[in-house]
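In what follows, subunit A forms one complex with subunit B and a second complex with subunit C.
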Partner chain A sequence: MWIFVVPAFGLFIGLGIGLAVNVHLPVQYSAYLSVAILAALDTVFGGIRAMLEHKFDERVFLTGFFSNTLLAALLAFIGSWLGIDLTLAAVVAFGVRIFNNLASIRHLLLFRKKIPFHDSSNSC
Partner chain B sequence: MKMSDTRAAKRKLIAWTVVCTVFGAMMSIQYHDVVLGGAALWSGLPDVASVYARVAAVRAYNQELYQKAHHMNQQILQLQNQAIAQGGQMADIERQLRAARILAGTVPVVGPGVQVTISDGKMDKVAMAQFITHDWDLRSVVNELFAAGADAVAINQARVTATTGIFCVGPVVRVGAMHLGPPFVIRAIGPSGVLRAALNLPGGPLDLLRSQNRGLTISAPIEERVIKIPAYEAPLTPLSGGETP
Partner chain C sequence: MRRSSFIALLGVSVTLGVLFGLDLHVHRTSSQADYSSYLAATQALDEALATSTQLEDQIASFSKQKQALIEASSHNATGKTALITELRQQSEIAGLTALTGPGITVTINYDPALPVIPGLRYVDEATQLQMVVNYLDAAGAKGIAINGQRLVTTTAIRSILSFNDAPGPFSGIVEINGLPVQAPYVISVVGPVSSLVNMLTAEGLGQQFTILDQSFVIHQFPSAKGVQLPPYDGALPTSYAKEGGI
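Presenting the complex of A and B:
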């Protein structure tokens, strides 16, 4: 029970902090935050899936969350230096992963069984 | 076995809470920027419409902040009035602060005073340079009012403060940050009898303006029971340099 309530509470606290402190990123950096948010969303769904598969590890989850968000933003930043739009790559890669994770979560909730991660014929 | 189970559950809980909090903050910061406009993932091309929308959004936001600041100033003044009314040690300091504010021109002032109106003359009677009201005309009247003990002076809606310059810009007169055109209504708060007498002095500023035959229309100074003078309106750019020691 608490595993739902306390993180939800934390989510609202975070939303409140973001709205209250009134931080504004310069326009040129907002694309990196978008990519970071996408990476974070991917990690969160991955975490939910791992919980359902009973192989959740909080160390993997925490390091994954922060390193994924930072690396995604950093990669997009480097890409903008080199003239390669790596935000596009991040959107595609994370988008595919998010939908895979969502499909797995749905299957796990429905049938209590795993589906192979990269088997796209099975994942919808 | 049981012990390690609860510990693992606790660690899970902490991990999820930390992640959700950070994630929530990230989302709301991004939301803030998207609402302000311009924070899009694909911002490679200069998009005039979106830039314009952003400017409009930022302007509206600034307006909102100005309103908020104005509202807060009102509240501060109210609280200070309360402090003065309550008396005690604070009242004396608040009274000094209020006097300083009136002197600096940062608050609106209401009180008895005088009002005089100066309008341009007609072109047909005299030469061009003579029939319009000049900066020095206004300056002489304002100086006379301050010399006679006015607490606050305003020309039309422009409050005259210690840092307000009065000079001509083409056909209009610039007072501080405002460009004003005729008629110029000069209002002053202070001992109204003294102010009126000072303006009417033979050889005083109004007498001089009338005697120059420039065709300016100058009203007689009127004593009023209630004159409202607005606060100094700061320009949008912050003051450069200058720090208080």
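Presenting the complex of A and C:
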């Protein structure tokens, strides 16, 4: 239960802070921020899944969160700089990971067991 | 759940929420159009420029049409005035309007005082009148009428061989514009007086008609309102297509 309540609570707190703070990012950086959010979501779902599997590790989780987020934003920036839409690559990659994590979470919640075809040892 | 795990998960969630909040901030304060990349924005800009050029061309075309419609609809429009002037000129040339100006009259009538020449009893009157008209046209006549019948381009001068009581060789009836005309024939002409008189004199028409027992008298009217010709009021052989009613 706490596995879902804590992230939801933190999400609302952060959303309030983000809306309240008087920081206006330029529009051209919006795409990088969106990709970073996608990467962060992937990390959060991976963390939830690792907790359900009793394999959660704070160091892997935190490093995965920041590295994925920054790398996704950097990838989008480099793609824009080179004239290649690399944002789509990040969206596809993180999208697939998010759906895999969601599928694993669903199976773990329903049957209390791992999906046999997916290795969750490095999901964060 | 361990305390460190709890803090890590809470911290990451809060960070993610902040990112969401900033993203919402961007979308809320930016314009409606949002482009995911520089390429998409460049493509959208090119499309907008192309569309703008097309719209400018359309605006210019519509402005021209509007100007043309305004000119056509105004009462003192240049095009309309020109058309009315041309219509008036064409009507004058065609003989559809009355004509007044300097000119002459030629009166042809039987003169019993003239000597009778045997063998010339039956002369085609229409041919003689047509000959005079041709000479007058060649002399620059602007308008001609015979006994009040205005001659137009489609006018036919025909002899009707029905003898009447009129003495002399011109004893028939001439039909002009489909209407009978009898002697004496008064040919009214508007045009350059001197040219008309010189033409008739040089061709010796007076002597020709004298041989036919006909007097050929020319009167000159050089004033501006010397001769008045009536308009042609007969039927026109052609008609123009008109816009049909809806």
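FYI, the second predicted complex is superposed on the first by the 106 of 124 C-alpha atoms of A that agree within 3 Å, B and C clash if a C-alpha of one lies under 4 Å from a C-alpha of the other, contacts with A are read in each partner's own complex, and residues count from 1 in each chain.
Criterion: a contact is a pair of C-beta atoms (placed from the backbone, for glycine too) under 8 Å apart; a residue touches a chain by one contact, two chains touch by 3 or more.
The model shown is predicted, which means the values in this text are computed figures rather than measured ones.
Residue contacts after overlaying the shared chain place A:Val23 against subunit B and subunit C alike. Of the two partner chains placed around the shared chain by superposition, subunit B and subunit C are both touched by A:Leu11. In the superposition on chain A, contact is made by A:Val44 with both subunit B and subunit C. Of the two partner chains placed by the overlay, neither subunit B nor subunit C lies in contact with A:Leu110. Legend: residue contacts after superposition of the two complexes on their common chain; A:Glu58 is shown touching both subunit B and subunit C.
Subunit A residues 2-3, 6-19, 23-25, 27-28, 30-31, 33-34, 36-37, 40-41, 43-44, 47, 51, 56, 58, 61-62, 65, 69, 85, 87 lie at the interface with subunit B in one structure and with subunit C in the other. Put simply, subunit C touches subunit A in their complex at residues 1, 4-6, 8-27, 29-31, 34-40. Per the touch definition, subunit A reaches subunit B in the complex via residues 2-3, 6-19, 22-25, 27-28, 30-31, 33-37, 40-41, 43-44, 47, 51, 56, 58, 61-62, 65-66, 69, 85, 87, 91. Residues of subunit A touching subunit C in their complex: 2-3, 6-21, 23-31, 33-34, 36-37, 40-41, 43-44, 47, 51, 56, 58, 61-62, 65, 69, 76, 79-80, 83, 85, 87.
Interface of subunit B with subunit A (complex): residues 9, 11-33, 36, 38-44, 54.
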